[in-house]
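Look at the two complexes coming up: chain A is in both, with chain B in one and chain C in the other.
Showing the complex of A and B:
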């Protein structure tokens, strides 16, 4: 085995800070370079990123097959939306039944509302996780799917809290580039920090073999619940960002129902189950492709021939791409690996060596030093 | 058999019976493991050896009887608590964390010291030292506080020392699943040792090994017993394997103890020969 070269922790911290600064500059620049459509996709990438990373923490890293993520997103979305709307707006939207006290008279800023949404979703995650996390595998998937549907149906029927089928409309578009990418940064830092700690190792051990993990002294149920609640918190944060990006939230399955869970599942499986960078790649691909593929739904003119666009065509192409990707990379684009500074550094070294050693041609094995 | 006193034993099973419906897997097991010894639990396939392990480690709660460990009544406690109290085990079919590296596999076993407050309460009640002090490790782990970073360094150092002692340090960054079979067995034992046990239970460690590998492994077990000052309870169905290393052997057949003593005593016991060796001789 060739020895991998490793960078010092200090260098890695500097590189990370550098990356964040460059990223921030690019985002700042996007205000000038991109039109509002491009910016919207940029924001969507970040919001999907928050949701996908929090989802992969449960499904990929702890290895629990949960299909209930959209439920937590819904809780976060509703709670934060109810907190950011002004009493006047609330009075105007709740036409069938007035909103109950005290929700009808309070209004907070976006940050407070988002954190409240996250906490509410975490509480829901605890309440759902406590009875259902004793199950594993397909059984857990069914139970969590059921719970998320229950949350959606409550949203549909609790007229005096969620405004029922009418939903909450005309929210202020608070989710700008900075909120979206700022929360994405926090989510990734917290989840990655947790994954690369003793706790993260325990969660991965549970994923690989829960019986052995228990025999090594890990309280499997407690750790599963912990992962579920952390994931629920960030799903709630993502829900708040999502609601204030769409500016409307309603209990249709396509907005916050099971479809959202499936989209998120596509993102994390495409990116590689158990990989945080993979989830980010999956989220970005999903956000970009689902917008870009819209060109196939409009009329395409090639020379003198005009191909009539078919509505819904983008999802057909998207699904085909997804299937092909999964055939090529059977464990997703990243598998369980992460893109790390060490890996990039080693890759760069190898790349440079290839260029340098073109003439002298050293013996095999020397190159690997 | 003379009267057994539970004070003489590190682990003592007091008239333990384990019943599954009509099947009595373990029938009135009344014996134990003495501090520092290397005890073999043998018997033909299906004799109830693994069930005894599962009762000790808390996977099953015995139908009748109590289990005592180091003066504590551990009957019916959950597996992770029992591990924390000082009993570690390996599995008959290797159960490593396959997607993790060798080093990570060992590090996982140190995690329990951070979180097991229930088990620490039991230790305190019996006047024993708790494994690691400090609180809010979860938050410290997220925020990477200096205390946590030190702990992490300490854990890696301990894990590397352990890997060096068992001779796996060179492969510490390999995936566990990439190791050859014999090394996986060793890693499983190393992983159990990393929980800092007083007693280590080995469930057929030589399964699937050729005679030479088996001999090496047995030497390895004796060495870790001396080096780590642990007590060892070893399950094996192949009697030849344990004859050489175990100071005391308990023979189990159909869930009952049929014989107990040194290798020489056991192998000359007519009951054992009838139940075990007789049948075995006929086969070969």
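Showing the complex of A and C:
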């Protein structure tokens, strides 16, 4: 096994800055290269990325199995949508029951609304996490699922705040490429810095064995709660971006309910539970595949033969993929690994060595005795 | 609330509670053995109703035969789910099995959307006419269906208790829930017993689904989600792992739900919330439920 070479911190910082600049240039270029459909997918990747990374912080890195992420997304989406809509629009939308004061008369810009959505979701995460995070494993899963369902039911019934089943429609499409990818960058930087701090090591210790972690003097409950609240905050941010990308938000299970949590779970399991880069890959795969798989749902015409599309086929394929992943390839694409500059560097070195010298690698058993 | 309304609600609560109890038994038996929340259980409930529906409309079976076939079909599906999705994961961490269970549930729902269609179907055709008649007892007006449902539920519960406590396979099930490896050493084929447990629980879920669809005659691919969750809550409430607990929890939950809405109709939109509040309270103050045993973690 050759020694793993490491890059200096300085080089890594330059590389990261370089990557961000190149990424920004590419995104800027996409305005010219991609038509609106492609740009929409690009935005969707970033929004899913924010949601998946914040979700994996709880499920993959802290090892709590929460099924309530969609609830926080819903809170962020509703709060921010109510803040960006103009008083006129609100009066027009809330036909059954008027919106309560003071929400009916205030309007803020998108940034303030998004942060407010994040903070509101974080408050909800605290309120939900405080009673439920003493539970572990499957009980926690059910309780968080219950809470997210309660949030959805409140959204459905609190006519004078959320406009009930009608939802909020006709939002301005504020989520452009810069907002989406900018927030994704912030999310990844914050979550990654937390993961690689002493705090993050404590979280991983809790994931691997909470009793041992407790014995080492880690306050398990406090750490879990903090992780839950941070994750909730970014879920709220993601919710705001999501609402202003779809331009409509309503309390159907597929929009903000349990199905959204399932989709996020698919992303982080495919990408590798416990990996931030894995969550990003999973989010991108999900966004691209779910557009690509639309061909199964629309009619295909080859010559004079038309094959009828089957609505709902995408989700059958996704869930099959998901179950098969769990059965035969549980680590997913990245497992608990991350793509780091060091790994890329070593991979590149090995690649170059192979290219230059054609000598076969020593086989096992060839070693001189 | 008048006395008449109260009696009406009492019958409704009893039936709803019985249906929850039938589903909850499946959860509690599987959890008792594998420590796994079988998320797909609620979807077996849904598939059972569709099997009965197509048994009558497509295969033109008489209604009672369609129901029997659907219950056997549900049992087969439960068995199959265990074999395909859960058996390969017996030795892996519990949380992997849970994630797989969620995947299976999601698969069954999306599969149902593709095969059966996402638009709700009316179950009214399947209900034989004599069950739709209304009996008048004093001021009380009750559908024959209610008595029929209660009789079937009671019959199934007694049958289940007989299987679990009076038969050999039932003894194996109880043994396995205490200790799988030791039971295997005693010469019991544990995989067969686990498979049988899944089949038995799924048969009850299928039966419950069909009675449910007769009372609320609209069937759709996601109909199993909420009853499934609530039945799981009932199982936790009664003490997970305990069959009598699941029955008791189911009846209490169903009765409470109907009565709260009966007394406070303005909260009807939030009726699904109560169950979750009960769950959170139970897990916070008495996580072992009414009849459950305490589980300790060995370090």
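Just so we're on the same page, the second predicted complex is superposed on the first by the 340 of 369 C-alpha atoms of A that agree within 3 Å, B and C clash if a C-alpha of one lies under 4 Å from a C-alpha of the other, contacts with A are read in each partner's own complex, and residues count from 1 in each chain.
Here is the rule we use: a contact is a pair of C-beta atoms (placed from the backbone, for glycine too) under 8 Å apart; a residue touches a chain by one contact, two chains touch by 3 or more.
Being a predicted model, the structure only gives us computed values, none of them experimental.
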(request) Considering only the touch criterion stated at the top, classify A:193 as touching first (chain B), second (chain C), both, or neither. (result) first
(message) After the superposition on A, what does A:350 contact: first (chain B), second (chain C), both or neither?
(response) neither
(message) Taking the superposition on A as described, I'd like to know which of chain B and chain C A:294 touches: first, second, both or neither.
(response) neither
(message) By the touch definition at the top of the document, which applies to A:5: first (chain B), second (chain C), both, or neither?
(response) neither
(message) Applying the document's definition of touch, where does A:220 land relative to chain B and chain C: first, second, both, or neither?
(response) first
(request) Quick one: classify A:208 as touching chain B (first), chain C (second), both or neither. (result) first
(message) Let me test your reading of the model: by the given contact rule, A:312 touches which partner, first (chain B), second (chain C), both or neither?
(response) second
(message) Comparing chain B against chain C, which has contacts with more of the residues in chain A?
(response) C
(request) Could you say whether A:131 touches chain B, chain C, both of them, or neither, answering first, second, both or neither? (result) second
(message) Residues of chain A that sit at the chain B interface in one complex and at the chain C interface in the other, please.
(response) 211-212
(message) So in the complex, the part of chain B that touches chain A is made up of which residues?
(response) 57, 78-80, 83-84, 88-89, 91, 95-100, 104, 107-116, 119, 137-138, 141-144, 148, 151-152, 155, 173-174, 191-192, 195
(request) Spell out the part of chain A that touches chain B in their complex, as residue ranges. (result) 1, 4, 190, 193-194, 197-199, 201-202, 204-205, 207-209, 211-220, 222-223, 226, 274, 336
(message) For a test of understanding, state which residues of chain A touch chain C in their complex under the given definition.
(response) 65, 67, 131-132, 134-135, 137-139, 141-143, 145-147, 149-150, 153-154, 156-157, 211-212, 253, 258, 262, 265, 269, 310-313, 315-316, 318-320, 322-323, 326-327, 330
(request) Provide the residue numbers of chain C that touch chain A in the complex, in ascending order. (result) 35-37, 85, 88-89, 92, 94-96, 98-100, 102-104, 106-107, 109-111, 113-114, 118, 222, 225, 229, 232-233, 236, 269-270, 272-273, 275-276, 279-280, 283-284, 287, 297, 299
